[in-house]
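In the two complexes that follow, chain A is the common piece, with chain B as its partner first and chain C second.
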Partner chain A sequence: MNIQRRTFVQWAAMAAATAAARSSSAREASSAGLPDVAARPDDGTRWDKAPCRFCGTGCHVQVGVKGGKVVAIAADQQAEVNRGLLCVKGYHVGLALYGKDRLRTPLLRKGEKYEPISWDKALDIIAERVEKGPKGFAIYGSGQWTIPEGYAAQKFIKGGLSCNHIDPNARLCMASAVTGFLATYGVDEPAGCYDDLDECNVLILWGNNPAEMHPILFSRVLDRRARGDEIEIIDIGTRRTRSTAHAQHYLEMRPQTDLAIANGIAHLLIESGRYDKQFVEKHCAFRADSDPPSLPGQAIDFETYRKSLAEYTPARVEEISGIPQTQLRMLADRFADRKRRITSLWCMGMNQHTRGTAINTLVHGIHLLSGHFGRPGDAPTSLTGQPSACGTAREVGTLAHLLPGGRLVANADHRKQAEEIWNLPAGRVFDKPGYHTVAMWEKFCTPTKSGGDIHTIWVQVTNPGQTLPNRNKLFLASRSESDKFLIVSDVYPTATTRLADLILPSSMWVEKNGMFGNSERRTQQWFKQVDPPGDARDDCWQIIAAARRLYDRGFEGMKDKDGKFLFDVRAEDGKSIPVWNWKSYYDTNVDRHLFEEYRQFSRLKHKDLAPYDEYVKARGLRWPVVQQPDGSWRETRFRFSEFDDPYVEKGKEFDFYHSTTKDGRAQIWFRPYDAPPEMPDKEFPLWLCTGRVIEHWHTGTMTMRIEPLRRAMPTSYVEVHRDDAKQLGISDGEMVRIETRRGMLETRVWIDGRGAPPRGSIFVPFFDESQLINDLTLDAHDPFSKQPDFKKCAARIRRIAPASDAPASDGGQQATTSQPERG
Partner chain B sequence: MPTFGLVLALKGRSDEREQVLTWLRADPRVQLGPLEQHRLALVLDTQTANEEAAFIERCMLSGCVRQVDIAYANFEDLVAFATGEETPDEHPA
Partner chain C sequence: MTQMPSMHGPERLLGVLAIAVAVACAIAFAIETRPARYELKGFREASDSSSRTSAASDAEPARSYDELALRPWRSGPKVSWSKDGITLRRAFGEAAPPDTAEHALTPAALADRARFRAYEGAPPMIPHPVVASGSAECLACHGPGIKLGVLQARPLPHPAYASCTQCHVSAAPRFAADSSLADASSFAPEEAARARGDSEVAPVRTDASSFYPVEPRLFGTRAWAGAPPTIPHSTQLRSECISCHGPGGREGMRSSHPERVACLQCHAPSASLERRGAHPDGS
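Moving on, here comes the complex of A and B:
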């Protein structure tokens, strides 16, 4: 870079940093007329907005493009979510595009090798796999699909193949949050939003580590504290994390015992008469598990609820959870105090849980019982790990039991509505839910003759070869079944592509148009800004092109009831645009067409979306977005509260208008504590917990290719408590073997590292594909959400060699995992 | 090599903060911007990839910096390097 250019870049950096330093609140940022980096003099860099590619926080960045490449990233001053700031991953997001090993051409497995093939041939192969048996063809996607991509994929499966076998990896990360919301309010997704973080006096982290996983949201809270606001942070967890360092109270519980703690709080509130009687009597009903268990459960009265809680005395809760009685009473006191505002945050800790639905409903229940609901700052809020887990997996309905806009495949009216919008013959949408993630992969791994009726899975935008629990059983086993075919669309080689039969190179992030929906119901839009490398193409195009190939081969499912193509796109003059031809794909904005069709689904559950062009102007809008008498579109920050939600009848104050009891009431559940399915014993005496680190995003396929992030955290490790290490005779940095009943892994020990597990407990992150911890994890899952528990199983550690014998260089970081060879 | 616009959230007494500011003023890679309440804007112009991590670490260890946030990153040299488009002139080691 020459000197003049460097001077200019320095100027731009200072302008952005100064604006961010000044904008201590979004309202100040948007009203102060601060310089926007995009408004700088022209230096040949073109700037445009996009949401960050990584986590569910949904920060907006300004993307600087020069010479057809993304060369700079600035935090977006106009974005309410991040207010001119980004975390360590966010400012590196542009480099995620430029790993040297981007996939550039379709590849077909030939024995142990891959040979390049044309897209034309690849589409024929996909079509043949569908024709082999449409009901055995599944798509496994993710919360990183854009909204139009997910919409197209589920229309392909549900409207085209009539089989419903589509599920996203979001099943592994937030399915229990969905069932928790449904069981409590009758409709999915948080009532509050990030504004709660600006108003709360108490922030409770339920097994949550936002300092590393949602750093921009945590910064927002810490910044308030630095400005003199009094905010109490209470961290309830099984391991000390970076978030703990900022908490006034750390409550270390035994794994799974959050249910006992929640019940203990409710018990204390009721027995002391300090619950919010007025709120409860007016707006709530009580519920407990039915026999047989069902998501809606059965109604109970207050007295039954009270009696059910009776055993959760402070002494009993201490016995179960290890939380001292004084701390439990402290929590109950906070909830009893109506002057304070309490926000609860959770993510994987509560969701990746065999009782995930239960603990989600219990935390909602404490907020409802105490009346800490529906005022800014008073909110039970789940966060998502992926940028569009809400927008694509939940709202679009890429889960196996859903149709768009919160509809259910099992509901005849909902199927009829989908068939009408899609102009399909009656009965086209199949009435049984498809396989959820664990079942789908189980069927794929089971020999066909033994009932394994999924013969092909097409994976897009995710890496199940690294993330599925009990990987040997749920992923690798399929690779020795000769009639099972794995198609993978991705941007880099991964643990999944490595065992695929057909690999399709994809465009990523700003190499394509896109829309995401973040954790606070905010729908975001961006335009394509650079070209993808080689022959890489958009995932949405891949779906449409495969559908068209089937249509051209006479496959009836890809025709509507008038014989027109399922993804027919028309220009304003009514002429069909052949968007299935790559060269024509960007002749129109396919995202706009798909989104406008999808938008028709959004009103049933009051998740109203604005027209596409409104999102082009905004840094996202939180649904329901409702048109005002003057024609403008207004977003909603607080659902179910009269002061902000346009769907709450005037004078009602609160209205849970999708109530499962159809009386406007939310449900307060009783759910007992149950022991986890696998606990430490003599043979496997330790708890194993898995999770993430700040530097890497999920399986590291992008961030491990960003040199600064890779160097900052190059390999995985196991955190061990100092006393356990001493007892086992292992030292810091030493290679050890971790074993569970399902597999083993060799890795290095980190004592007093970033996180601090208590005695009897170890932690291993899952980002490192050279150390596949999911060979060891448990595939037991929640009965309602079907979400597996990655947070607890029984393990043991063995020494391999004394530290002095282990290689000291990077080579010593090599680790092994138990992987059967492909047959 | 990458140029960053950073925001340091400062904590501690003003004499302690002054120590950090002195150290920052002495660093040739750093240009200090305005201090807005407790938030200091600065530019870090690195010579090699990954320098910013060590810089941020040092800030955090100073005891007077509560947090370092990033508002801007220009990495065009790194992109040119990654995509094999840089020339020796443009990319001094």
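Moving on, here comes the complex of A and C:
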């Protein structure tokens, strides 16, 4: 009765509103010059929560849906992360679904053309590629995979194919942060959280530009300052950015010399006796590289540590880094002052670094050495660039050497635990780590007869054709090998789909159920709110359906030890639900089934996850989420600190309970400064750095289809210092050619632009698929994390002859509207 | 209305009373500070109009909308008083508010307003190039809301945050990718084009997307003819009503009575538009 009445009221209200809107002159609609408007303020828009699709900050948005389409976005006022604010990408995230060139049907390459095929045929093709040789079948995934998607892919490869060739694009993004945490604390992910930003009074940015890349976190600090809090922002970087504009101190270093700066701080703290002796004696140990190098390294004593640092005097650090001694002493003074609360933030500057693991451990080290750890506001915190780099890549462990929940492929106990949870016969999980990203693509690009033993890569939710470094070597080369097969699941034509053999159209974001895990250990959940376009389907369904096709064709790996399907989903009454049929996929909540299974993995490393339904109620929960005696679930904000972490024994104050030395201690590393593998020389005299801009998210496949964002930043450019430009005879806005030993690119010069690199240094963003800067970058990578260095290599700039100096092509426009085609 | 019990009964009466007393006191204070003809405290000459016998009755009585249509707000002896609104002068200089609401112009105003917004509720794009890093550059014009030639910089509708470019990006990029953006590269395409007499400036919305945004609601709802309308949009980040509804706002969106600065005293927000959950009745 009530419902009927409500429906009637709604109908009447909508009819009245429509009538009012249609009337050519609202004034005419009523006698007293007053519009006759509806009696109901609701316009029929339904609102529901979802974490933002873009970066790793993990803001929640409210998604407005009307008529089966997303029609509006609002910042979620109940979300602790963003508290009713968003950044410009977040406000426009809903538009990402509605580019007109969404992929709607599976496409198979036939010569130079693509032909639409059925999902049924597509699944057979995938099955045939697996059957050709499961050990040569790889999945290249993403930190944008939802947690259940990554978990399904992980189980497909490691439990189903008994090979370990699965790696995510997160390898290019935060692998060095992972190895830094592991080497220091024995367990991955930050101890602190965003609450530190509310408490710190010194914020140090290590090669980090949060004003553009994590705007919500940066403005959280700036807004405190605007309210009267005294906060000192210290920007250590190789280029002036929008963040620099808000910093009291800008320390401009030469590329790679952050290692010398960190060592210089440690040296000053030790030599002046101003380090935190009590904290170090109780909770820390010292560590240095072993021979041969290994991630855990070898123990050293304090004296060895002190002597190793001896050469990093302020004078020597100035010589290496270019940072004046006074600034280095200022930094050391901040760390020596226990009254201040210091939060360090970093992202790609420290991670995309051939010494990425080393600099990560050193920054943790100076926080530990100075005792600036574990009190609210005192935190070394790495930020992530993808919405679920932590939740999926790191926690589910979709990396070539990991099993879920921080387990290692190489560890027999860990393999056994995975086999038990997955109900697999003993020995199913292969004991050798698979290929990491660079190796996987290298093998894919190497002819089979020359040892290139990866014959098929299935790419999901990422765009390696634009983001792999040294793209000619690691991506394009594979396309001239006729027996190499590239499968790509995506939502739009991209630099990767354009060279794929099989293209699978995917659902995205609120077109499917999902879960993400953000930078501060916060696991988030959302429900499907609109239907995907055409024949696009969930990535998770694609994996399960491919697995089922293999099962139906008799592939043993897709059976558990009782002969049951690997992704068997049962209703409460015990009946099997055929979720591999798309029609039945949403008969149940597959995410919930997969998450409840995955959750069993989360205890080993004390990353306890709550039941799925707890996340439905919350705007995310930070693990470990521990059940209380009253049955409620409590999240943890500060790990390893007794006052908040339930796994720290009472009375210990701090406890690093996954310590690599098994004694509750964190490791303070010594690591020397080493020169980068490629430096400017006579032939290539400039440093080339690459990165992002606030308007675009990564390769721009989504944001370049959002008109306000594309319009604000339609093309790439190169930032050049005014004096370098003068010397080269080039002017602002002119087209130039940038060259490195690996490739070249033509783009426009921006002098005194968004950022300002110092002399001898240039910067190019990587979002623009019509100007692929990764043809130029270096594939040299960190020895532990295998993460390549996109931030420094040697380059040169040349003027282009005036004749060809035409206005910019309409490449950006083409890129967003053309259909996928080989070329 | 059960969602807002605090607005019922005695509390509501008290609230209205408190505001009335506050307004009366303010006006009484203003009158006290005028030079009096006699130096006699507490004595004030009786006015020539019988309506001016007490401080409270010095307040301009709120007219009904029907009355407003017949007799504009700022006619009569109170015209100078109504121009004295301090907030108004600071924000809009000599700009004068309209005498009555301009409902006929509202659809056009909203359409114009939508051109630099992806959907109702999206942060508007900046219609001119920016090099701003912090907020100081922006607030120089958008703090007070100054008028520069044909351009009207509107004052902020929300408290000043420190990082304007976090949410607002320029519709006039440094480098245009194609010719359709060329127009946008000129300073303030919106106002400049209007000044030139052009009607077409590349809108934010294009055919390249099948996103069909939620459109702004034209008007609020009224409980009965003549009742103050409810607010037809979310008030999130829109606490300063005068930014859009003041005399410097678009014609069709301007309030006829911006002197009455306690807007929410009469105009109620909507729980559903504020996404606080709708009333079970759907109202």
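Please note the rule applied: the second predicted complex is superposed on the first by the 760 of 823 C-alpha atoms of A that agree within 3 Å, B and C clash if a C-alpha of one lies under 4 Å from a C-alpha of the other, contacts with A are read in each partner's own complex, and residues count from 1 in each chain.
Keep in mind that, in the parts below, contacts are C-beta pairs under 8 Å (C-beta built on N, C-alpha and C of every residue); 3 or more make two chains touch, one makes a residue touch a chain.
Since the model is a prediction, treat every value here as computed from it, not as a measurement.
Trainee: After superposition on the shared chain, which partner residues are touched by A:750: those of chain B (first), chain C (second), both, or neither?
Mentor: After superposition on chain A, A:750 lies in contact with chain C alone.
Trainee: Looking at the overlay, does A:715 come into contact with chain B only (first), chain C only (second), both, or neither?
Mentor: Second partner only, chain C.
Trainee: Chain A residues in contact: does chain B have more, or chain C?
Mentor: So, of the two partners, C touches more residues of chain A.
Trainee: Have a look at where A:110 lands relative to chain B and chain C in the superposition and call it first, second, both or neither.
Mentor: Neither partner.
Trainee: Per the contact definition in the header, classify A:694: touching chain B only (first), chain C only (second), both, or neither.
Mentor: Once the two structures are laid over each other on A, A:694 reaches chain C alone.
Trainee: Based on the superposed arrangement, let me know which partner A:561 touches: chain B (first), chain C (second), both, or neither?
Mentor: Neither partner.
Trainee: Would you check which partner chain A:226 touches, where first means chain B only, second means chain C only, and both and neither mean what they say?
Mentor: A:226 sits against chain B and chain C alike.
Trainee: Could you tell me which stretches of chain A are touched by chain B in one complex and by chain C in the other?
Mentor: The overlap between the chain B and chain C interfaces on chain A comprises residues 2, 6, 9-10, 13, 17, 20-21, 37, 64, 66, 69-75, 84-88, 91-92, 94-95, 98-100, 219, 222-223, 226, 707-708, 711-712.
Trainee: In their complex, what parts of chain A are in touch with chain C?
Mentor: 2, 5-6, 9-10, 13, 17, 20-21, 25-27, 30, 32-35, 37-43, 45, 47, 62, 64, 66, 69-75, 77, 84-88, 91-92, 94-95, 97-100, 211, 215-216, 218-219, 222-223, 225-226, 242, 244-246, 694-695, 705-715, 717, 733, 748, 750, 753, 808, 810-813, 816-817
Trainee: Which residues of chain B touch chain A in their complex?
Mentor: 3-7, 9, 11, 31, 33-43, 45, 49-50, 52-53, 66-67, 69-80, 82-83, 85, 90
Trainee: Would you pull the chain C residues touching chain A in the complex into a rising list?
Mentor: 65-66, 69, 100-101, 103-104, 106-107, 116, 118-123, 125, 133-134, 160-163, 165-171, 173-181, 184, 202, 204-214, 217-222, 225-226, 229-230, 232, 234, 236-237, 270-273, 275, 278, 280-283
Trainee: Which stretch or stretches of chain A touch chain B in the complex?
Mentor: Chain A residues touching chain B: 1-2, 6, 9-10, 12-22, 24, 37, 64, 66-67, 69-75, 84-88, 90-92, 94-95, 98-100, 219, 222-223, 226-227, 707-708, 711-712.
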